[in-house]
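Dropping the structures in below, format is structure tokens.
Consider the two complexes below, in which chain A is the common component and chain B and chain C are the respective partners.
Showing the complex of A and B:
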């Protein structure tokens, strides 16, 4: 009989203890909350040290970016890409180094090179990119680079580039101008020079 | 508002009594159904949030697109309901179709008709029967027929197991629940819900409201026996062995989908309200104010009844997210070796108390 009531007593007290635990967790939710409301809150990026100076060597390689005004259309990055994820089309201009305002083409790069080509298409498919960084080395104008590291001041670090459609991960860096405008711009200069 | 008053009030009641009755029933039933639907949305949201808080999560927070995207995930239950409505209604090929279709409605009706005797306030009761408590106890075990129908007609081993377990459980826990209600009826000497509440007006022990839970120590125990048996009758965790998801997939509801599943869900929440409502009425003074004498108008009565009921529902949710599920034999031994003898002793004790001190 004593055991019967002892069991009941133990049951009641242990159940109340359990309810106390959940109650404390419930009222302390704001302090103990561990869920990160992701798009509004983000974890801070951890500091990393793999033996290189962050300012000299880019350890982040978050995504490729192209400063299209500096691109001379030499196709070196397209040729070196091991997965062929870079596609470049160019059209020749006759007046080398001249600005063409109709298609927002700048004639001279920030390194002072006179451009001979209009880049009409510069697509990088980031779904195919293997982040090998090989396209960065041959670029004579240093206009294609991985964001982050020493390039952090040129472009924000972006490691969360998710999209709803896979096609949105094909980055189109070339200026958005119609083909007609490009042909007009290049043939007009041809007619003038002829 | 009672059905009888409505029937008397209708001017055509003498010429077409059948039509009048139908109209009166419709006028009472439609708001109750809407109330259950809205209340279920509120409690589902509460359950999502409370369960998350108890697990150090934040629950639905309105991330994403569409109906989910609102402050604090407030539209989450609406999105859930919409999802259940839009889902495909699957009837298994080997199922007993008639019973399979009928079962969710029987389960829901068992919970639904119990609302007709719940006193929401002094005036807001659909039918103040002289056997109110008895009626609720009787119809709330109607749901077990629907559960057995669902389990049998699904033609699935898990469904059948779940149905058998729920039948055993609900019938077992009816007994301590009814025995603790008998202790109430002994004191109030009425089975009418309004009569039980009217008995609980005024003070007891000088300062406490004269609620039956404070009436004597035996009633205090009886309240807990009734409430826990009620939780078991609702098939809520820790007594959810009929749909133990780790053992039986979803028990009797395994083969159900879409709106039919939603009806089982709705009847579970409706059952919770009935159990909490009866517990609040029989032990916590129903619509009586906690400070006797003030705030006792019908509108305040509705507020007190709802707040007491909602508190008990919160405790049920609290139970669910605290306790692990009982094993079948533990469940049965708790009922037959724990609750039933104590409830019987309680009746005896209340009788002695009533004769000597009452």
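Showing the complex of A and C:
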């Protein structure tokens, strides 16, 4: 009989202790509120000043972007990708480092490298991407990067990129030119030299 | 499963069931309300971890280890890089070791918060779940500040870490610890010592120490049964021998030793021990240092094999790596603690009511990503 009442007493006291915790939260709800009304308000983006050389590091992982004018087609990012979501096709140019205006090809990257290849296809399937950031490190021209953060000058952060069609999530970074134009542009010079 | 008698019924729990913590299917033979046999059916999350590793390079394996135990990715990375560094005989800088320990312990707290919160949810307490997730969110913010990802980090590399700590990181973690330590008392008030919760979990699903050892159960589940076994203490890896912390074990405070409540309480105490380690590590961490200093140019381990185990929040996480001298592993096996924890479920929940099976399953804190791999 004593045990019966002891149990009831214990239940009531521990319940009241627990409810005290929730009560304190209810009183301080304005101060401690953590709920965010998402579409109207957003979390502040992480600080851009992270204290080290921004050229070397990339701390935001939102989505991949490629500055295609700087890409030399070395395929390093394609090889390192664990899920094979990057697909690159290249065609060799004969005049290394020359601009080809027909297909809007730039011959020299912003790092000063003379390009030997035309990148005809640079597709990233963001549905497959696992955001591991491994492709960013080996790039010799630093042209593939996650948007925002240290790269905010190059590209704004953008983490809301849902689409209605799955195919819209395959990002095609290469210049939109026909195969014919590429073949003409890369063999034209050859005819001249022959 | 054996023969089902006339008065018995076979019941399916899962694969889509909120209490199975993932896609786990339990085939339960019940006699009325009493459970007489449980067969866990796994494999719904199988992603060919081992076969995939044989076809990818050593650095490409690290994002995959993230996805095994997705609640504690840092600890999974940690186990892999510790094994790889021993195989390749790399000595990593002091600062990297401290960063790794800080990250692993923060992730241990985050993982235990999730385990405790969802366990409360399983037995019907909703509010603690929200409080614990609120605090877990702060840890994830710290991770995001450091490496840009909130859940799957790919942070620890063979020979270093991917990013150095951001400016003001140490203060941020100190602030978090100052905020977090009083909260543990709050969890105890609202859930751990609540009489209803105790009635629900004490004396239920008692895991005897002998049974636990013979099944190979490790981590908080084993310590809940009173066995003092922690790899961080008993086989120290990295720099864990420098830190002063206790290994909490279950004592049967409110019931029998090794019951669900003990397993729960051991996790609460472990969070406190983790904050102790964090404070020591933050005090001693070298202020400067290149975290990329020891990164190998190419990861090509010599011929040979290694088995190294580390203490993940779920227990004894081991990696067995066979190298044939090429950039890809010849074989890579992962020994997952959650798998052994699930194997003991049938043993300890037989004879209990159906609703107690959910309580036992939740107290084992399994992650299906790690079981199926």
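Everything that follows uses one rule, which is that the second predicted complex is superposed on the first by the 135 of 194 C-alpha atoms of A that agree within 3 Å, B and C clash if a C-alpha of one lies under 4 Å from a C-alpha of the other, contacts with A are read in each partner's own complex, and residues count from 1 in each chain.
Here is the rule we use: a contact is a pair of C-beta atoms (placed from the backbone, for glycine too) under 8 Å apart; a residue touches a chain by one contact, two chains touch by 3 or more.
All values reported here derive from a predicted model rather than from experimental measurement.
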*Have a look at where A:60 lands relative to chain B and chain C in the superposition and call it first, second, both or neither.*
second
*Could you tell me if A:37 is touching chain B, chain C, both of them or neither one (first, second, both, neither)?*
first
*Classify the contacts of A:23 with the two partner chains as first (chain B alone), second (chain C alone), both, or neither.*
first
*Which partner does A:15 reach: the first (chain B), the second (chain C), both, or neither?*
both
*asked:* Of the two partners chain B and chain C, which one touches more residues belonging to chain A?
replied: C
*Touching A:187, do we find chain B (first), chain C (second), both, or neither?*
neither
*Which of the two partners, first being chain B and second being chain C, lies in contact with A:82: first, second, both, or neither?*
second
*Would you sort A:130 into first (chain B), second (chain C), both or neither based on which partner it touches?*
second
*asked:* Going by the contact definition given at the top, which residues of chain A touch chain B in one complex and chain C in the other?
replied: 15, 18, 21-22, 25, 34
*Under the touch definition given earlier, write down the residues of chain C that touch chain A in their complex.*
56-57, 59-60, 62-64, 66-67, 127, 131, 134, 137, 144-149, 152, 154, 162-164, 166-168, 186, 189-191, 193-196
*chain A touches which residues of chain B in the complex?*
50, 53-58, 61, 63, 318-319, 321-323, 338
*Residue ranges of chain A touching chain B (in the complex, touch as defined)*: 8, 15, 18-19, 21-23, 25-26, 29, 32-35, 37-39
*Residues of chain A touching chain C in the complex*: 7, 10-11, 14-15, 17-18, 20-22, 25, 34, 46-47, 49-52, 57-61, 80, 82, 130-134, 146, 149
